[in-house]
Structures are given as C-alpha cells and as structure tokens.
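What follows is chain A paired twice: with chain B in the first complex and chain C in the second.
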Partner chain A sequence: MAVTEAPPLEPEVAPDVRGPTAPLPLATFALGIASLVVIAIGVLWSQINYAFSDRVMTQYCLDQQISPEDNGGIGVCNIIEALQDPVTTDALYLGISLGAAALILGASTYRRMDSKRKRDHAITGAVLGSQGILLGVGILWFRSVSPGLFAKHFLNFADLQGYGGAFLRGIRNTLVLAFAGELGGIVIGLVLGVLTLSERRVVRAPARLYINFFRGTPLIWQLVTGYFLLLFGFGLRMSAFTVAIIVFALNTGAYAAEVFRAGIQSIERGQFEAARSLGMSYVQSMRYAIVPQAVRRVIPPLMNEFVILIKDTALVVALGLVESQYDIFTTAREGQAATFNATFFTVAAIAYLVVTLPLIRLVNAVEKRLRSGLVGIAGAGS
Partner chain B sequence: MNVAAPDPGTRSTEADGSLVRLEGIHKWFGNLHVLKGVDLTMRQRDVVVVIGPSGGGKSTLLRCVSLLEVPTLGHVWFEGKDITDVRTDLNEVRTHIGIVFQAYNLFPHMTALRNVTVALEKVLKVSSDEAHQRAMDQLARVGMGNKASSYPGQLSGGQQQRVAIARALAMKPRVMLFDEVTSALDPELVGEVLEVMIRLAGDGMTMMVVTHEMGFAREVGTRMLFLDDGRIVEQGEPREMFYKPQSDRLRQFFAKVL
Partner chain C sequence: MKNVKLWLAALVAVFALIVAACASNEGDTTGTTGGTAASGPTGTTSGAPAIPEFSTITDGVLTVGSCLDYPPFESVKNGVETGFDVDMTNEIASRLGLTVEWVRADFDTIFTAVAGNQFDMVAAASTITAEREDVVDFSDPYYNSLQSLTVNTALTPDITSTDQLGQGDVVGAQKGTTGKDWAVENLEPQGVQVKTFTSSTDSFRDLEAGNIVGVINDKPASVGIIADLPDLAIVQDIDTDEHYGFAFSPSNPELRDAVNVVLAEMIADGTYQEIFNKYFPPDSIPDEFKPTT
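Presenting the complex of A and B:
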C-alpha cells in the first residue's frame, strides 16, 4: 500500500531575516507616529467641537472679512475659530516637538543600528517626525495669514446645498462623454494603428497626417473649431454634447493609434513570420496571431488614455452646453458663477477623484497581473 | 501513420524531378551582400543539410525558399513554377512549404492543439472536426498528444519545438524547412527534437535543414552544402565531405566545430 505524504498545508514563506528591534529605535518609530497623530487629533477635535457648537460671529471673523450676511458665514467662522482654539495650538506645538525628537533621535542613531529592523524603525521614525514638523509648521503658518479668505472661498459648503443632484448628473455626463469618446477612439485608433505599419508609404502617409494633426493641435481648438465647423460650416443640427463626443473620439483615435502601433510592434517578428509561413494572408496573420496578443498589451495604456480623457472632458465648458448636459466641471463653473463661491471647484475635484482613483488603481492591478501572468493566458484562443 | 510523407508520382514536379530549384540567388540587406549567387536543386526525398559559420547566409537561404525573404536577384522555382514572379499567390505556395524556426514561434495565446488547427481551418478551410483529427494525429506523431490542451508557456523548449513541427506537418507540406531548430534548446532537449526529424526523413519527407548538429548532418543528410560568405563553397555526400573535405575553408570549419 503506497502511503504518500500529505503536502504541507501552510505555504512555504521566505524567512524573516530583518532581526529583532530594540527599545531606542522602537521609541523613535513611536515618536514619529505620535507626532502626526497628535496634530491630526488636536485639529480634528477642535473642528468637530466648533462645528457642533452654537457659536456666533466673532470679532476675529469680522476682522477676517467674514460678514454675518454671508451665506454659510457662521460655518466658515467656526472653521477659522477652531484653528485658533487652544487645543489645536497645544496639539500643533506638541506634535512639532515630538516630530523634532523623532527626527533628531532617528537621524543620530540609525547608522549605529545592528539589525535591519532596528535601522528601519529609526529611519521610518525620523521620516515620520519630519513629516509631522512640516504638517504642524504648515498649519501654524496657514492660520497666521488669512485663513478667513481661504475658508470663505474654498470651504464654504453652504452655497452647495441643493447641488448634489447636479453633481451626480455631472459625473454621469462626464462618464458618458469619456466613454463614448474612448470607444470611438479605440475603433479609429485600431484602424489607424494598423495603417501606420503598412510597408506602403501611400497607406502610411494619410494615417500619419491624421495622427500628427490631432496630436499637434490643442484639444480645446479641436472642440471649438469642430463645433463651429459642424454646426455652421456644414449646417448640421446637433447638440454641443454630440459634437464633443465626436471630437473626443477623433482626438483619442490619434493617441490610441500610437498605442496600438506600439503594441503590435512589440509582438516578436517571428510570430508574424510563423503565421505567414502557414499560408495566412497579411490580414489573417494580424487577425489571428498578432492583434489578439497586442490587445492584451495595450489594455493598460488604453485605460490610462481613458483616465486622461475623463479629465479632458472638462474642456466642454468652452462649448455652450444646455443644463441637462453639464459635465462635472461645467456644473461647478456655473455654480461658482451664480454664487461667487469657489467651493464648487473643491467639490468638482472630489467628484473627479471619485471617478479616477478607482480606475487608476484598476490600471495598476491589471498591469501587475499582465506582467506576472505571461504564462498560459487562457480564454483568448479564438 | 504517414500522413505527410510525399507520394512520388502524384506530385507535379519539373521534368527533371526537382521540387525546389534556386537559380542565381543574391540577397542584399541594405549594403550587406548576404547571398552571392546560390544555385540549388532539391528533389523528392532529398534531405539537404546546410552547414557553415554564423553570418554565412544559411538562414537567409532557407528563408528565400518560401520567400519569407525575397531574393534581390534570382529565381525560386517550386514544383515547376517561378514563385519569385510577382503574380504568384504566395499564401497558396506557402501552404506547401513547412517551416520550423529556431525560436519555435508558437502562438502563445493558443493551446498546442489550436496552434495546429488554426491554419487548417482559416487557410485550408478544413472543417473543424477534420482539423481536430489531423492536428491530434500530428501531435501524436511528435509525441505531444497528451499535451494538446497546454499553452506554449507551460511546455519545455523541446516540447514547444515538437508542437511547431506538428503545426507545420499538419498542412501536409511537400517540403519541410528547419532553421537551426535545436540551437535554442537546452542540450538535454535536443535529442527529442532530432529524433522526430530523423523519423520524418525516414518517412521520405523532403527536407532542408540548417543546423550545427554535425552528427545529424552526417547520418541523416542525403546531401550537404557548406555555405560561407554567401556562396556554396562545397557540396556533396555528407560522409564524403566529412572525411575528405576538398577546400581549406571547410577543413578550417571542421577543425573548429568537431
């Protein structure tokens, strides 16, 4: 009877060779963390405390040109009053002191540490400490200049009441613009990318002309000129939104063409020769052998192009959109124009980040997977 | 099973029985003169072995046979047709000329099986059932029947090269070209590939083999060419060339590689 040994359940891991730590580097590390934590807690505690209090307009706020008649003036007053709160002040000085202690301790001792972990703790503590100092000094400086003006224009959320739906619509319209533009651009780009690889100059030349034109002129010029060209030059009846999608597709097509060209060129020449030697035509070789491999490699750069396009859609602010078609930036611009409150731009930044950050993370994850998973990529063997 | 072995008599060949004929082949890459007037005739069942120093033009010569490289001057005749004529349907001609490359060049996004069937279906328009059958026969022939569903990245170099041979054989070519097919392999994997080639030669396949494997050249080749500096310096029966090289150049070459 053959008894086979059961495979070990826990996966084998590389041994930890960084060695032990010691009280001194550990203390440095703790001081660095404490520096940042103390500043954060102190500032937040004051802000929350003031936000939920029933304070009224103070002389300090009036001095900072915040008027009781301002919409949201009390809220802005609370923000800058909280910054002057003794708790915040104490936290800032304490945090800076802790940071300085960590920096001095870490910087003066890390060379003498005899294990990797001790050294890591000392260096990390010093770096965190210096970050605490920068943060603390930065806030001290900020509150000493004119925090009222800043808070009034960029942190006054009172005027934004009732704009939640408008911003959601803006996100949707921005995504529609970017997605439709990217989709059209990929189709145009794939065709142009293949054309630029032709051995015949007469085929390459028009494709290059197109690509160079759209890469060489400003997108805002293309949008505005495209708008006038289509509506007045050709007398077409279409909305500015549709014009924008067409121009984004044409523009993205030029960039996607370069991505596809590079992707196809990155496939080893032998792949093409193998396909041709089996009797495949140029088009068949591209279709069955080259493009399926290239597509996988161009996914990350195309996603990057998509993120760029999401941000570039803000340029439609130059076209006269109707309200239901406002993108994120136009929504903010119109809100700011109506209230003279730039906090709309703060919210617009948040709205863009909500859309782009997950995408950026996704690109990184896909890139990582494609780089590590070169072996046996199943599923595309059509 | 002897699927790809040619059947002399049913193939259209020239009156002199030649399958492939090269005539005055010159090739320039830019200002680099790689082939300087090569003439060569291959008949049915010939196993022509091409040896010579690196940069001598061996691979270029082999690639000229299926016009992967277009000769700058000269003509290539295949089964009595001048395939250097611009009116030739090269895609059709290439279905009759199998090539195996040094770097295998399997399609990495396809299984071994799909690598073999894709051209059968898309080029020869064979039904998918028949393509599957032909592919499995050829994979079994090279000892890769049990790896049909593996991707190239999951196979060793020797296994990949055997799949590449099966891929070429499945097209039922009239001639097979081998371009230094063992040069990229670890030494212990060379044998399995050579074994397949020896069997193929035994089955009567017409072959052109560019190689550095002198043992294979001597034992399997029916004719040997020594190519140096773009010219055929010496040719003849392999054993004779090994034992009685006529030119100094070939003696020097043997002194280095043997």
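Presenting the complex of A and C:
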C-alpha cells in the first residue's frame, strides 16, 4: 500500500498587518538613517582623499608625536589629517544635527501614532538618530585628544608588509588547535556526559570531579601547568603545540559533557521507556534511541563552544612555540616585539573576526534549521 | 509607557554626563608630562651639572616597569624587589627625591608600554639598540653585557659551541630580546629552530627537561638563573658588545637627562662600584664605571 508523503511543512511567517505609514514618521526614519550615512560618507571621503593624495608631514602631525623617520609616518599623518578635514567636520556636525532632529521628532511623536508601522518608523528613526549623535560626538572627541599617538601605534600598517604569510599561517594554526581540541573534546564530553547520568554514584563521582576541575580552573593555568606536568611528571617530551591540543580537548570535554548531559536529559523519558519496553538494554537504548535524538539538540551549543575555543587558542602565547607553530595572537605579539608597532594587534583582531564571524552566522543558520523541530520527522513514511 | 520613556531619558542623561566627565579627564592627563612640574633638587656639588627639572606620572614617585624575573638584575625575594637594577634604581630615585613604585610587565611589550607612558622608566637589563631607540629614549649605558649559550650538561655533555648545532636542534630564547634576535640571525641559517618564551625562566625550565638543546640569553642573567640548577651550565660566551640602559618615554626627555646626571655622579663618587661589587666579581668592573676620585 502506497502512502503519500506529507507535504514538507513551511516555516511560519506572520502576515504583515502593521498598517500604513505617514510622511512624519517616514521623515523621522529617513533623518535617522541620513545622520549615520552622512557621518560615514564624510569620514570615508576625507580618508580616501588623503590616502591617495601627495600630502606630506605637516606641523600638526609633528605636534602629534609623529616623526618623518617613523616607518609609515606619512600614512598615519594622512589618517589623522583627514580626520581634521573640513569635509569631515561638516559631515560630523550635520550628522549630529540630523540625529538630534530624528531623536527629538521620534521620541516626541511615537506615542501619538495610530498604526504600528508609523510607530516603528518613528522609534527606529529616533534610535538611529541617537546612534548618529553618539558616533559623531565620539569621533569629535577622539580627534580632539591625541589621535596621532593612537594612529601611530594602532593604525600604522606600514610595518605589516611581509607578514601576510605569517598571519595566514597563524590562522591555520589557530584553526588546527581549535578543531583538534573540539574533536577530542566532543569524544571525551560524550563519554563523560553519559557517565554523569548513571544511577551509580561510583560512576558519577569521578566524572563530576573531572568536570568541576576543568571548569573551575583557568584555561591558562591548565595550559602552563599541563605542559610542565606532562614534561616533569610523566617525562613526556612533546611540543607545546601538541600539549595545547591535549589540554584544549580535556577542557572542552568538561564543557561538552555538561552540554551532552543537558541534551540527553531533555529527551522525554517516554523515549527511554519505549526503547526499554522493546527489549533494549540501557546501553542499547542510549545508543540507538536517546543519543541520536540528543545529538540534534547539542549541535548549536557545541558549535558555540567551538567559536569560544577559537578565541581561547590565543592563550598558547604563554607557552614556548617555534615559529611554524605560532597562532594568530602569538604572531601579532612577535611582530609587535620586533617592530614596536601595536598595529599587529589591530590586524590580529581582524584575523580573529574573519574566522569567527562566518562561523557565528553558520551557527545561527544551523540553529534556525534545527529549531523548526520537524526536520527529519516529516516525510518519514514507509 | 511614561516610566519607560523617563527611564530611557535618565539613562541617556547619565551616560552623557559620564562621557563629559571622561572627556575633561582626558584633557587633563595629556598635559601631565611636561605640565605639572615635580622639580628635582638642583645640582648640589659645585662644578657638577644641575639636574634639570622633570616630571613624573605621579608626583614624587618614580614608576618603574620591569619583568622582575631576571636575577641578578631584578627579581623578587620574599616579596621584596632585589637586584643590581633594583639597587641602581633605588639610588637614582633617592638622589632625585622620588620614591620607587615597581610595575611588573612582560618584556616583549615593555618598550611600547613606556613609550605610552604606562610607567616613567624601564629598568629591565635592556640592551640599547637602534630599533629600540626609535621608540624610547635610553639613558647612558650603565652595564656592559654579552650573550651566552647554556646547555644541559647531563643530557648533552658534548655541546660546547653553537657551531655544533644544526638541523633538528631547537634552542630557546626570550621574546623581544637581543638574544632572540641573535639566535634568529645566526642560528636559523644553520637549520636550528628558535623557540620563543614570554619569560626567560620558562626557557631554562624547558632546557632542564631536555625539550630544547640550549638557551641563548644574556650571560650575567643566565649565571643568576642557573645558580640553583646543577644540570645546566654556560658553555660559550657570545660577545655581542651590548650595553644596558634605562628606557624612558620620548615625551619625557627631562627625566632621562636628570637620570643621566645622577648616574654620572654615582659612577664618579664610587656608589656604582659599591652596588656592582654586591652582585658581580669586583675585579670585573669595566674602566668606564670606576670612580674618578
């Protein structure tokens, strides 16, 4: 007998019933957007103008502690001169005024709006306007203090030429550390998580001890002590890189254990009882019925853990590493020590963001897909 | 609705106040170095140059940054800072009418830190180099030093020189030091890998465990660190003609000049020799640091 498959269920989207809008709230919304856009365009315009111009060291730059002998000094001078440019100044003040207008307009009228869409526009305009004000005031304040010193140390990209390969290698090492640590951690975590659910205290207690220890001590302590413990206590001569992977796995295992435990416990007891009543042993029920369902629920938190681990790998800077093993942060630190230029740290932040932001988006997408909850159950006809 | 609006308005007002307060604070601190003067005593002995007026981050206090784990120059024993650099700094500060406050800092970021006025001075057995001169101002040299190779004689009794190191060997060095630069320049071409550590004591511990085959570090500090480690021994002197100086922010040349004046006084009247003899063999004091009386 053929059974027709149920049609795939679409995610529910509420129909838009917010009602019409009106000129006033629309204007507020537009003012808010305009304030941010004006500031952004003004600042960028000046920066690009100056970056491609033939300008040279000015007295202002010299006063700001930038000297002609500084590597990349001209570039830094351009950056801070552009901040003082009249175009930027006009854009900032205009942006602040627009923002203030949007804020005042929106905040005073939103309650009297009769449709939701109008209210949304008014409030959004007010919030954008306040953000424009903050941004404008912030830049005005920053450029009036000592932008030269900040730019010389953090925005001086001249010294970074030649480090492209080093940073790519750093990214590779960071990912290797994070992946290997996460994989090991998942294996350890699954085992420990199941152990913590045992009815017998003799089984639960050591697992709990392990988890509490690795969650209760700082990761940097675990790295440094772990290295010397393995070295002097067990006579194992391994590179610090390998030790770091082991410690990351052990540490992640403790957190993953908690995630697995929560995931397994969230599966309703009826599933377990049904499996048992079919004649499966405890282990078989876990293996064939419970854990496969729990896996879907633990994926988002585990992926979150992975993103956190990527940033934690920066702690290997506390260990002795050979150049081919440097991660992003150690590369930045070594570059800074060689050139005394803290722009390496700016680039390190960018490198970490390049790695973590796409992953975070992936996590959110996966979470959304899994949350619809009916994936895998719909269409299961036979 | 009314409560929320009031609440939000109050929040924005408080935030604006905080921003305004911070802005005015920023304006003040940028003027401290060079603005408020904590003048030191002017020259005491006739004929000696007068100590220029200078200022420090905190009036009456010399804030000194150091790694504080580099015996015999600076280390902490029973909670008290001791060492050659420590004694020199204390003497200099007292002659300038200042008390000393020590700030522990990692060596590989210490020059950027002093250039950014995190402390007034760096006293950390720092070699004067051209690259560092671009970032900080150094005092006159106050110690002559050299590099050295330390090995683990229990594990590798045959190594007596860096010439014997090659492919597959790993030596340790501290991040940001001239020892590390020397190792990278001279040993990497031989196929040796350089393992860098944030603190020099970590490198010696690794050597003790046999993870690395040698450590390139300043000789006098190596002597101090391996004093309690019988397996380790210095097998080769590497003469790099290095001189230590105290480092200052380039925005505070007056303090550096004042310290130079006091340093010259200390050398001339024999105080330097006294401090030197406490930590190093008395007959090894270089001629330029002997008293002139």
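To be clear about the criterion, the second predicted complex is superposed on the first by the 358 of 382 C-alpha atoms of A that agree within 3 Å, B and C clash if a C-alpha of one lies under 4 Å from a C-alpha of the other, contacts with A are read in each partner's own complex, and residues count from 1 in each chain.
Just so we're on the same page, a residue touches a chain if its C-beta (ideal position, glycine included) is under 8 Å from a C-beta of that chain, and two chains touch if they have at least 3 such contacts.
In this text the structure is predicted, and so the values were computed from the model without any measurement.
Colleague: Applying the touch criterion given at the start, work out whether A:Val56 contacts chain B, chain C, both or neither, answering first, second, both or neither.
Modeller: Touch partners of A:Val56: none, neither chain B nor chain C.
Colleague: Check the residue A:Ala205 against both partner chains and state whether it touches chain B (first), chain C (second), both, or neither.
Modeller: Neither: A:Ala205 stays clear of chain B and chain C.
Colleague: Which holds for A:Val354: it touches chain B only (first), chain C only (second), both, or neither?
Modeller: Touch status of A:Val354: no partner.
Colleague: Under the stated touch criterion, which partner chain does A:Val145 make contact with: chain B (first), chain C (second), both, or neither?
Modeller: The second partner, chain C, only.
Colleague: Taking the superposition as given, does A:Pro292 touch the first partner, chain B, the second, chain C, both, or neither?
Modeller: first
Colleague: Which holds for A:Glu273: it touches chain B only (first), chain C only (second), both, or neither?
Modeller: first
Colleague: Using the superposition described at the top, list the residues of chain A that contact chain B and also contact chain C.
Modeller: Comparing the two interfaces on chain A, one with chain B and one with chain C, no residues are shared.
Colleague: Help me check something: in the complex, which residues belonging to chain A touch chain B?
Modeller: Touch residues, chain A against chain B: 268, 270-271, 273-281, 284, 288-289, 292-293, 296, 374-378, 380-381.
Colleague: For the complex, which residues does chain A have touching chain C?
Modeller: For this pair, the touching residues of chain A are 65, 69-70, 107, 111, 130, 137, 141, 145-146, 149, 153, 228, 231-232, 237, 317-318, 320-324, 333-334, 336-340, 342.
Colleague: Within the complex, which stretch of chain C touches chain A?
Modeller: Per the stated touch rule, the residues are 1, 5, 12, 19, 23, 26-27, 30, 108-109, 111-112, 115-116, 131-132, 134-135, 170, 172, 175-176, 193-198, 202-203, 205-206, 209-212, 250-251.
Colleague: Where on chain B does chain A make contact in their complex?
Modeller: On the chain B side, the touching residues are 66, 68, 91-92, 94-95, 97-99, 101, 103, 105-111, 114, 118-119, 122-124, 150-151, 153-154, 164, 167-168, 171.
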